[in-house]
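One chain, chain A, links the two complexes that follow: it is found with chain B in the first and with chain C in the second.
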Partner chain A sequence: MNAPIIWIVFPAAFAILLLPLRNQRALSILGGGLAVALALIAQFVPIEVAMLIGPLSLKIDSTLSVLGRALIIQPTEGPLLALIYGAASLWFFGAEASKTAPRIVPLGLIITALMVASIAVQPFLFAALFIEMAVLLSIPLLTSLYSPPGRGVIRFLIYQTLAMPFILLAGWLLVGVEASPGDLALAAQSATMLGLGFAFLLAIFPLYNWVPMLMEESPPFIAGFLLWLLPTITIIFGAGFIDHYSWLRSSPQLIVALRSAGLLMIVTGGLFAAFQRHLGRIMAYGVIAETGFAILALSLDSRLGIPILFLLIPARALSLAVWSLSLTIIKEHTETMRFRESRGILRIAPFAATGILLATLSTAAFPLLAGFPAKLALWEGLSRASLTAALWMGVGIVGLLISAFRSLAVVSMAEEYTSWEPRESLMQMLMLGLGVIGLFLLGVFPQTIQFFLFNLPAMFEHLGR
Partner chain B sequence: MFILITVALLSLTAFTLLILRILYPGFRYAWLVAAVGGLLAWISVFVWQAFMPTSLQLPAWQPAWLFLQAPTFLADGIGWAFSLSLITLCLAIVITAVVRSNFPSPMNWASILTLASLGVLASVADNPFTLVLIWASIDIAELVIQLRFVDDPKLSERVVIAFASRVSGTLILLWANMVSAASGTSFEFQSAPPQAGLFLVLASALRLGVFPLHLPYPSESSLRRGFGTGLRMISAATSLILLTRIPTGNIDSPLMPYLLLFVSFAALYGGWMWLRAPDELNGRPYWLIGMGSLAVAAALRGNPVGAAAWGCALLLAGGMLFLSSEPVRWLARLTLIGALILSALPLTVTATGWNTTGGNAWYAIPFLVVSQAMLLAGFIRHAQRITTRQSNEDQPIWGRNVYPIGIIFLLLTGLLLGFFGWDGALQVGTWVWGIIASLLSLGLLWLTPRLRILNPVRAHWVRPMSPSWLDWGYQVLWGLYRQLGRLSDLFTNVLEGESGIMWTLLFLALFISFFTQRAP
Partner chain C sequence: MMLTFSWVAVVVIVITSVGLLLARDWRSSIILLAVQYVAMFTLCLSHMPLGMASVKVVSGWMSAATLGMTRSSLSTPDIDEENNWPRGISFRLFAAGMVGIIVAGAAPRVNLMMADAGTAVTTGSLLLIGMGLLHLGLTANILRVTISLMTILSGFEILYAAVEGSVLVTALLATIILGLALVGAYLMLAANAEETEETESV
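== the complex of A and B ==
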């Protein structure tokens, strides 16, 4: 048994088998079930430890060699895999309710496997290739054979692809830095290349204009999946870089750059969200702000920042899953997701409207909701470092709250004497109901997921210790 | 533990009403269930007295190094007084519901009981973190409850404005937490740094529930009387509780004198408008402004017990007036005794209202005393105007006998708090101001029929088109918002247009050069 085979090769192969299947429910159950099974195995079955099951001795090796390169899943990375596949299962189980299962389940599984491979591959230079493969596979997920791809999809492809040469160049330069650590010019060049690569990958301001465009023209549930998976894995990949290179870790400029980038994304994401008149675009700016929060967490003392980063991940996954499913349902009942057409939708799709509102509030750190605990800890940590920076974070939060109030005003503003006529299906109500309960559960009792998160910082050698 | 019993009684009653409504829509004893539940909760609060102060800590959030505070509740004198006032109001709303035209309305009672249970939790919250969580629960509960009633799109907008206004208060409390963290201290009520004190006052003022001025059901008087009173009062009480938790001398800002003057003028405005309001329901927002300002001023003068006293008076005296709908002369006379609750005379609940600890607030006291006199005079005037009240013809016969019990409950609780159970009981206080305010209010009452300026203004719906200063403020803010929106649209169009990629790369180059310049 081999860890990369279990968590990379097997899901990808299984996904290929699912490709011809067209039954929404079967796909949803099979994809979701597999993701949950992989998450449970990752959480409970140790890697590189021999286990006796009756007469059988079972050991999961951590390494798989392919063409002279290695895919290595360290024993400490089990909880991370559990988190990734656990969160992916939210989308796969919700696929039936969003009626996108034939696309999202097989391709989503392959993309998830490729993103896991990007963390596991050694040397890390090849991670860029896995990420690019995932991006390329996202295109058939986002587009249809019957209509030309929109500008958002094209920009998504351009910006994500532009990241590749920078990451590859950075990798090449970093080899030189390792050989001669005293060469400051080389270190600066490699840091710049790395920074630009991650700026494109994470859609850091001003490189994020494809995100709202994508949300406007693509199926929200699928776009939500990609906007959760790609930045989440990229951030962890980036944290791995910081952990690996001591000169990068100890650089004061890195903290300034991370803090500035994070704040810029939170502030611009929040403020732009406040002025949008399209529910999908509000989600896009919410996603941008969420990425900003994660980058900001990396700028803190790693003993605080890394646990906060891992606390942000499940909250982001759940919020985005609820948000994108809600938008998909609303899109079923309105022509577009513009405010004009979404007026009074609360009376037609109460669960979806509630989902949108709660997900927006969760992103805006509203107490009781999933996003609150991590953002409270982040805001406090930031205040200790700089009250001015905390004030800017507050500005971003205010912007996100305004967008939530505006959405609420629009969805609740029905014509006079319009009766309540819910048109959501039972499955949609069930999935959204569970999601909303989850949002409150994570917000009121964040300790419930500590079992999964507690050991996560151990995947880094230096960070979080 | 006893805190949980009271809260459980209220919330279980609400839950039972909800279940009964769903499973047996025609169930005839819903009112009895609500009244018995409320009464049991009311009795259970007195049991707290045997164990006070008592605290209850819920499991702390993990990881512990990220979250230094745990949700904690403390039943002390002030918390007890507030909880008792809240539950009495809730019980009175249920009891007096028998004479409302919308009787029976179990969903309304369930809503009020739920809000009261959350209100009790807010009253006993022992740290800002707990209070933030409870405030958020109250906000969500109120939002759901109000959206259920609203049909008119304009009114639903008011619901959202009210929600936004309260959330802003919560956000300011969170910001106080950040200020405290920046100074290296854990944010507790007892140890809040002086810089954070001012934010606590601001948070409380924003959540007072005054914005928007009128709740979204102006035409249905039965809703405004019972249910509306509950919403308004519970919301206000849960915000004022914060003022009672600010330790003496913990508000340190050079802006303090200006803030105190501003609050005094707000009290004057509230008092004046209340005095001249056409009836008590139209004057209710001004009652909240006036009484709330007196509470805020007490907190600014370093008198948390006084702030609690004004808060309890707001609930109990206000509740008596707003729930009285029947033209019963003897009850109206009895309500006059309720004026004692507001008088700040010795051995009344507001006896400590004028105490001042440290600092010098002489410049604000005269304005505040005049405000109190106007509030008191307005209270007496509204209580006596029973000719404008119309009896509900459809009320059950037993209802006429039961209805006064609700009002009497409020009166007795108000008088009881002057003698028993908390730090503000059996106090003489700064009685001079109380006597002056009482005499002034008598003078105002004598002058009311003689001076035209003191006569009531027309009801607000008679002149809906005339914009108030508040409407003007909204217009300015809305205009500013739209201008910023245009700017944002312009920027977005540039980045997302045909030449967006080039603009993006240009911005990127600008940012890189900016950061390179700043790097050491």
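== the complex of A and C ==
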């Protein structure tokens, strides 16, 4: 038994077998079931520890050699795999309700496996290659062969592809900086390369114009999946860079850069969301702000910032799953997701309208919802470091709150005497209901998730200690 | 001898990359792309064994063939972008000249930065990256966007071959180039979906 085979090769092979399947329910159950099984194994079965099951001795090796290099899943990375596959199962189980199972389940599984491979590959900077492969696979997921691709998809492809060379070259230059730390010019060059690479990958201001376009053009549920998975793994990859290079870790300029980038994304994401007249674009700016929160967490003292970063991940996954499923359902009942066409949708899709509202509020750190505990801790930590920065974070949050209340006004603004005619299916109501309960559970009892998150910082050698 | 071949490859890169920028017919673009991969192969040979450099040229040719076969199955004419100012031939030549000047200025420094990869290798690589970026900035046509991305990645591959000789990286980069061509082909087919549907209904 080998960890990379279990969490990378097997899901990818299983996904290929699922490709010809067309039954929404079967795909949803098979994909979701596999993801949950992989998450449970990752959480409860230790890697590199021999276990006796009756007469059998079972040990999961951490290393798989491929073409002279290695894919290594460290024993400390088990909880992260559990988190990734657990969150992916949300999308796979919700695929039936969104009627996207034939696309999202097989391709989503392969993309998830590739993203796990990006965490496992050694040397770790080769991760950029696996991320690029995942991006290429995302294109058939985002566009149909029977409708022309929009500008957002093309820009997504361009921006994500441009990131790879920058990161690979930066990785090579960083080795030189490590060897001669006094060479300031080389350090500046490598930092610039690295910054550009991550700016493209994470869609950092002003390189995020494809995100709102994508949310307008593509199926929201699929776009939501990609906008959760790609930035989440990229942030962990980025944290790996900081963990690996001591000069980067101890650089005060890096903290300033991360803080500025994070705040810029939160403020612009929040303010732009407040002025949108399209429900999909509001989600896009919410996603941008979420990425900003994660980058901001990285700028804090790592003993505080890294646990906050990991606390943000499940909240982001659940909020985006509920948000994107709700938008998919609303899109079924309206021509577009513009405010004009979405007026009074609460009476046709009450669960979806509620889902949108609660997911937006969760992103805006509204109390009792999933996003609140992590963002409160982030805000508190940030205020200790810089009150001005905390104030700017507040501006972004106010923008997100305004967008939530504008959405509420629009979805509930029906003509007088319009009757309630819910048209959501039982499966859609069930999935959204569970998602909303989850949002409250994570908000009211954040300690429930601590069991999974407690050991996550151990995956880094220096950060979080 | 190798140095001479390298400089010949740089000249070929100048011709193909400027040609790609000016070409209006998709057939010329595909041929130029295939020739560009031969030049790239020559430059990679300075730092790579023949087998690994061959992987790059074969994957490049396969990608060019994929794009060409897909484009040949579509009957829509090439989108004429020449009419829109400032995208005329003279503007493109001027922009290509600017890229050339920047590359000439930057190549010696980048050469030092990249473990003395060789001036010809660095110049060829930077030319491809610069011309690819320029091309990307001037077009919204899916075939051209794909070709531009492949050009940029070719330039990067030449430079990266000088510092990283891993088999895994070569294999993954070849897979990415092939994947990019397949994605380009997919998007081209999708962009012509209405036309295909109309043809089928007739």
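Note that in this section the second predicted complex is superposed on the first by the 464 of 465 C-alpha atoms of A that agree within 3 Å, B and C clash if a C-alpha of one lies under 4 Å from a C-alpha of the other, contacts with A are read in each partner's own complex, and residues count from 1 in each chain.
Keep in mind that, in the parts below, a residue touches a chain if its C-beta (ideal position, glycine included) is under 8 Å from a C-beta of that chain, and two chains touch if they have at least 3 such contacts.
Keep in mind that this is a model prediction, so the values were computed, not measured.
In the superposition on chain A, A:Ser383 makes contact with chain B only, while chain C stays out of contact range. Looking at the shared chain after the overlay, A:Phe126 reaches chain C, while chain B stays out of its contact range.
In the superposition on chain A, A:Leu157 makes contact with chain C only, while chain B stays out of contact range.
In the overlay built on the shared chain, the residue A:Leu441 is in contact with neither chain B nor chain C.
Looking at the shared chain after the overlay, A:Glu416 reaches chain B, while chain C stays out of its contact range. Of the two partner chains, chain C is the only one that A:Ser144 touches; chain B does not reach it.
When the two complexes are superposed on chain A, the residues of chain A that touch both chain B and chain C are 151, 158. For chain C in complex with chain A, the residues that touch the partner chain are 113, 129, 136, 140, 142, 145, 149, 152-153, 156, 159-160, 163-164, 166-169, 171-173, 175-176, 179-180, 182-183, 186-187, 189-194, 197. Only residues 59-63, 65-67, 132-133, 135-137, 140, 143, 147, 150-153, 156-157, 159-160, 163-164, 167, 170-171, 174-175, 177-179, 181-182, 184, 484-485, 488-489, 492, 495-496, 500-501, 503-504, 507-508, 511-512, 515, 518-520 of chain B touch chain A when the two sit together in their complex.
Those residues of chain A lying in contact with chain B across their complex are 151, 155, 158, 192, 199, 205-207, 209, 212-213, 252-253, 256-257, 260, 271-272, 274-275, 303-304, 307-308, 311, 343-344, 346, 366-368, 373, 376-377, 379-380, 383-384, 387, 390, 394, 397-398, 401-402, 405, 408-409, 412-418, 444-447, 450, 454. The part of chain A that touches chain C in the complex is made up of residues 66-69, 126, 129-130, 132-133, 136-137, 139-140, 143-149, 151, 153-154, 157-158, 161-162, 164-165, 168-169, 172-173, 186, 189.
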